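Order of writing sets the labels: A, B, C and D. Residues in every chain begin at 1.
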Amino acid sequence: MKPAISIIRSSAGASPVAIALGLAVLAGLFLFPQFVQSPYALHIMILIFLSVIMGEAWNVIGGYTGQYSVGHAAYFGAGAYTTMILLQYKQISPWYGALAGIAVSLVVSLIIGSICFRLRGPYFVLASIAVAEIMRLSAMNLKDLTNGAEGILITEIPHLKFGDTLITDFLTKVPFYYIGLVIAIVTILVTWLMQNSKLGYYFQAIREDQDAAHSLGISLSLFKSSALAISAVFTSLAGSFYAIYIGFIDPPTVLALDISVQIVLICIIGGIGTIWGPVVGALVLVPLSEALRSNMIAQGIFKIGLASEESGVGIFLKEHLSHAHALIYGILVVVVILFMPDGVLGWAKKLAAKKGKE
Amino acid sequence: MTRNLLALLLAASLAVPGMASAAPVKIGFINSITGPEAPIGENLTNGVTMAIEDLKKKGVEVQLMKEDDTGKPQISMSAMEKLAGQGVAGVVGPYTSACANAVSKLAEKYKVPLLVPAAAKEEITRQGLKYVYRLNAPADKYASSLIDAALVMGKPKTIAFIYENTDFGTSTVKTAKEYIAKKGIKMVADESYSKGSPDYRSTLSKIKGQNPDLVFMVSYVADAILLMRQSREIGLQPQAFLGGGAGFTTVQFAKETTISNNVFSTTQWTDDVSWPGAKDFFNRYKAKFGKEPTYHAACAYQAMLIMGETASKNGGDREKTKAGLKSGSWKGIMGDTKFEDYDGFTNQNKHQMLVLQIQDGQFETVFPTNFASKKPIFPFPKWK
Amino acid sequence: MLVFMQSLISGILIGGVYALIGIGLTIIFGVMRVINFAHGDILMIGMYMTYSLFTFFGIDPFVSIVITIPLMFMFGAFLQKVFINRMQGALPQNQILLTIGLGMIMSNTMMLAFTSDYKILSTDYSSSSIKLAGISISTPLAISFLITAAITAMLYWFLLKTDTGQAIRATAQDREAAQLMGINVKWMSILAFGMGSALAGTAGALISPTYYIFPQIGSTFTLKAFVITVLGGMGSIVGATIGGVIIGIAESVSAVYISSGWKDVVVFVLFLLVLLFKPAGLMGKSRM
Amino acid sequence: MTPILEIKQVSKFFGGLAANSDVSFHMDEGMIMGLIGPNGAGKTTLFNCITGYYPPSKGDVLFKGQKLNGLQPDRVCKLGMVRTWQKVRPLTKLSVLDNVMVGALCRTNSLKVAREIAHEQLKVVRLDHKADFIAGGLPIGERKKLEVARALATKPELLLLDEVMGGLNPAESDEIIQLILDIKKAGAITQMVIEHDMKAIMRISDRIVVLNSGEKLAEGSPAEIVSNPEVVRAYLGDFHA
């Protein structure tokens, strides 16, 4: 048996080359809007950042601590709703709104934790779904607070000012790009710090074996709640950011089961319980679903000449592929789960290890 | 886009001589092709497909850029950004209110004329956006036209609401509540349900206990049928059933004559109205797609016609197209169309809602009287 | 009082169908320990099957279950053999996502085949009802309740009296022990998934005449099925039967006395309460 | 001197069944206590009651004079009592070193200190050469050692070992026996050992408690236990069953 290096330590102690490369990527990300003006490209990047934030956040509780919450829409929605309600009805700036959202999400996480953490395995999963569904239905029915199914539309985002100097008026996508980028980086950083601390060890011990962890002096309720709290904070932040960026929320778009599943998917596709897994997941999923949705695949096939546009195959592709993107997405999910159970990142690592052996 | 290329080739092979050969004008179309809104989205797609064909017959070449928003606002925004970057002259869509709302602000930002065909939320054209136009009547008209009709026919004192817990359902009922308050009608029940509940019997028996004069429902077709079936089972017997749009105006609903006869509904469009080309549109649509067009299809069809003609006339220039939409007026299957500013609305077509009643399995226009094809039957006859 | 009785009866009738959905899920969970997120989508396939048989061949929905049951059984067995089986013992989150993925494939395939229009089955008895002491009972619901009861009875007999049934129950109680005792666990899993799917499909067929069909209908039922199974105790058939009826009644009664908007919240709160105070469910654990 | 552990009439019922009834004994610092009994005698249940996994239905558990009743396992561990598991429970995906570090983090917040402690303990159990291996890949003998190292890393005063020799070959068992004796020699840690291997238990124990059907059957030195006719009968009965 080859001495395998633990997952924990694989990303610590990076080589100078990797650090240099990382810095270059970072610089590139910060300079990106200087070179690319296309709002469409910026929009896709912002969606990627959002996915990274949500994925990393879920990863803390799901990937590291092993509590597979399929109800993270609860925190996403709590952040989004708190921010929007405060902004639209109380004219409170989204910056404070996001903080208030975090506070609300923390309370929600404590409630959910106290209910769900007594349960294990499938029961935990189902309870997390149930709580999120209760929140969605409540948002639907508490019309005075949330405007129910009609949702909340913001008409204007207050300008960001420092003293009297205007920093940004949010007229273009660039400020959103930077806010998203910074939150994403902070999220990754926090995950890294968490991983390289006692918390990281304890979270993973809980994931591997709750009873054994318990016997080694780890308070399950304390550390599970901490993990959920960290997770909730960033998911809520993502929700607030989403709400302000899109400018409209309603229960189906921020509190649906769909969102919870999407969040889990980012991590599983990328690779669960690793720092870069959710990043890879976001980088794969966002562009992929965009490409599938806008039928770029069919057009790509025509471009490289695999099929002519007028042939029977071509007509079929054009007519049906745009309707079938959700189907293809489903097929991809199944294929990844069956053949890359450790996600794209795990699969790539295995491949690299194999190459190394040869 | 590709679909149009194909059409172009077909046209070329037919070799119609003397056809005007202007460069095709790019028009975006954002719609819910997949996702939970897809059942309705399909009607819009079909309507637009027919509009493109009809435009071609008139010599207007449109390069259609179709985008699926899957019913999600953030995706519809992606679609809009993409279209704006691809130099479209204008955009028709999106279908849902949530998406239309999200996209409308982008349209303003990128100065792309947006023509919303069928989203009902009032706010969309109440934000003072210069580039956003809407063809259909907003949600408040659904309720007011029906209640006005009821007040003409009788003297209802009480009303019960049962409606789908969606944007469309709640906003329609919200305006209805405001309207009945003005007219002095008392609300005795306010029941919303989530789509996909198979059993409304309990709710309906509760409403029956209140014995309301009017029962106002807002539902899509399947729930509309279930609601009426179960109303009959329970023996709910108001003076009139008022169907606020959507499901109650479908042919599928009308076909269920045992339960659908004498139900009132309101719609943006129907085939038997005297607006030019309505019947013809109905027949051609049915022949082409194998089913009757809904008002969504008609709205999308007319919206695409308007956008196509205007954009083409202005050579695909966005500013001129915007101005063209503002100054123009049209006469078509949706009646007279003109985008006006009034009562806090901007660029809103003052569309005339029609009140229909199903009589012997047929939709008959009963209000407003100048469009009426039959006299209304009132009050609702006893269930057999 | 009349309103209460009316809602109680409606709840029990709907609850019968819910029970069938729950029993299907509980058998699958009991034997395979896999939470099947595609359960509602399997039900949806059953609905489309019924719809097609009715529309194209004129077969009455209640008669068509004779065809639906074996077909859905084979469909489930196929799913188990080709997909789920590979995930036995895999991480639970991967199992969940696999079934979610399968559900997406099912609903979108149906969308391509049938479009996303709402399909509604109109039989001549669709809106007929029986009057009993002022309470109206929907004829199709009453028929489907009777069929449900018959199927449940047959299922009990099968699981309790036949060798195969007992082997399935043994596998549900302790997979490893069952294997040691020489039970072909793989075959039991296929049987279980087949039966689970057949039951979901049957439930789909039975509600078709009173309900409507569209490709995305599955998720509502998936969630409901979870609630029912957990309420009764995962793996317990008696529990799922009772759980189904309880949920049916809870929905129906809370629609009247709270509001139709909140009735689903009532169901989920009930679900959490059971999880908290009786985590093994009303009927205990793994007792089939 | 107060005994390090005192069990006072501890009973544990599951439904109507008594897994332990009225068990009492005490342990002095530095000793090794053997806990034996036929299968189903309630040994592991007693462990679970002592370490906080189950609250005892009746009776008290006193550790260093302090009542533990109802205290969670993590609190118990912090107080200085730790157990290993009959069916080993390594943190499968973590490395051997990380496994032991998790234990060490009970006493420190610093990863550096924890790493040092972990290396030390791995040396004690002679597993330091496998520090970077993934725990899930170890053979059973080494997994058992890992359990012990991880438990030791929490710096316990009382160590409860649940069948650490189960499933091992004679050579491996010998190693573990030596390890237990070494720990005793070092002096800081008192041990309670559940074991089926009679020869081993006789060799290491200072005193032995015999459980049968949840009740304490006998207690005494190894020599007393071997000659106790009731114990012999219980065991013979067990073999015949």
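By definition in this document, a residue touches a chain if its C-beta (ideal position, glycine included) is under 8 Å from a C-beta of that chain, and two chains touch if they have at least 3 such contacts.
As the structure is a prediction and not an experimental result, all values here were calculated from the model.
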* **Innermost chain, where centres are averages of C-alpha coordinates** => A
* Asked: Quick one: which chain's Cα centre is the longest way from chain C's?
  -> D
* Structure fact -> Rounded to the nearest Å, the gap between Cα centres of chain C and chain D is 47
* Indicate the whole-number Å distance between the mean C-alpha point of chain B and the mean C-alpha point of chain D. => 74
* So what's the Cα centroid distance for chain A and chain C, whole Å? -> 32
* Structure fact -> Whole-Å distance, C-alpha centre of chain B to that of chain C, is 36
* Asked: So which bits of chain B are touching at least two other chains?
  -> 34-36, 165, 192, 194
* Structure fact -> Note: chain A residues in touch with at least two other chains are 137, 140-141, 323, 326
* **Interface hub residues of chain C, defined as touching at least two other chains** => 108, 111, 259, 261, 264
* Structure fact -> Per the touch criterion, the pairs are A-B, A-C, A-D, B-C
* Using the touch definition up top, name the residues of chain B that touch chain A in the complex. => 2-3, 5-6, 9, 33-36, 66-68, 70, 72-75, 77-79, 81-82, 84-85, 98, 101-102, 105, 109-110, 121, 123, 127, 165-167, 169-171, 174, 192, 194
* Asked: Touching chain D in the complex: which residues of chain A?
  -> 1, 3-9, 196-198, 201-202, 204-205, 208-209, 211-220, 273
* Asked: In their shared complex, at which residues does chain A touch chain B?
  -> 38-40, 43-44, 47, 137, 140-141, 143, 148-151, 153, 155, 171, 242, 246-248, 250, 252-253, 290, 293-294, 298-299, 302, 309-310, 315, 318-319, 322-323, 325-326
* Touch list for chain C against partner chain B, complex -> 2-3, 6-7, 10-11, 14, 108, 111, 115-118, 120, 122, 126-129, 136, 138, 207, 210-212, 214, 216-217, 220, 251-253, 255-256, 259-261, 263-264
* Any idea which chain A residues touch chain C in the complex? -> 62, 68, 70, 115, 118-119, 121-123, 125-127, 129-131, 133-134, 137-138, 140-141, 257, 261, 264-265, 268, 272, 320, 323-324, 326-327, 329-334, 337-338, 341
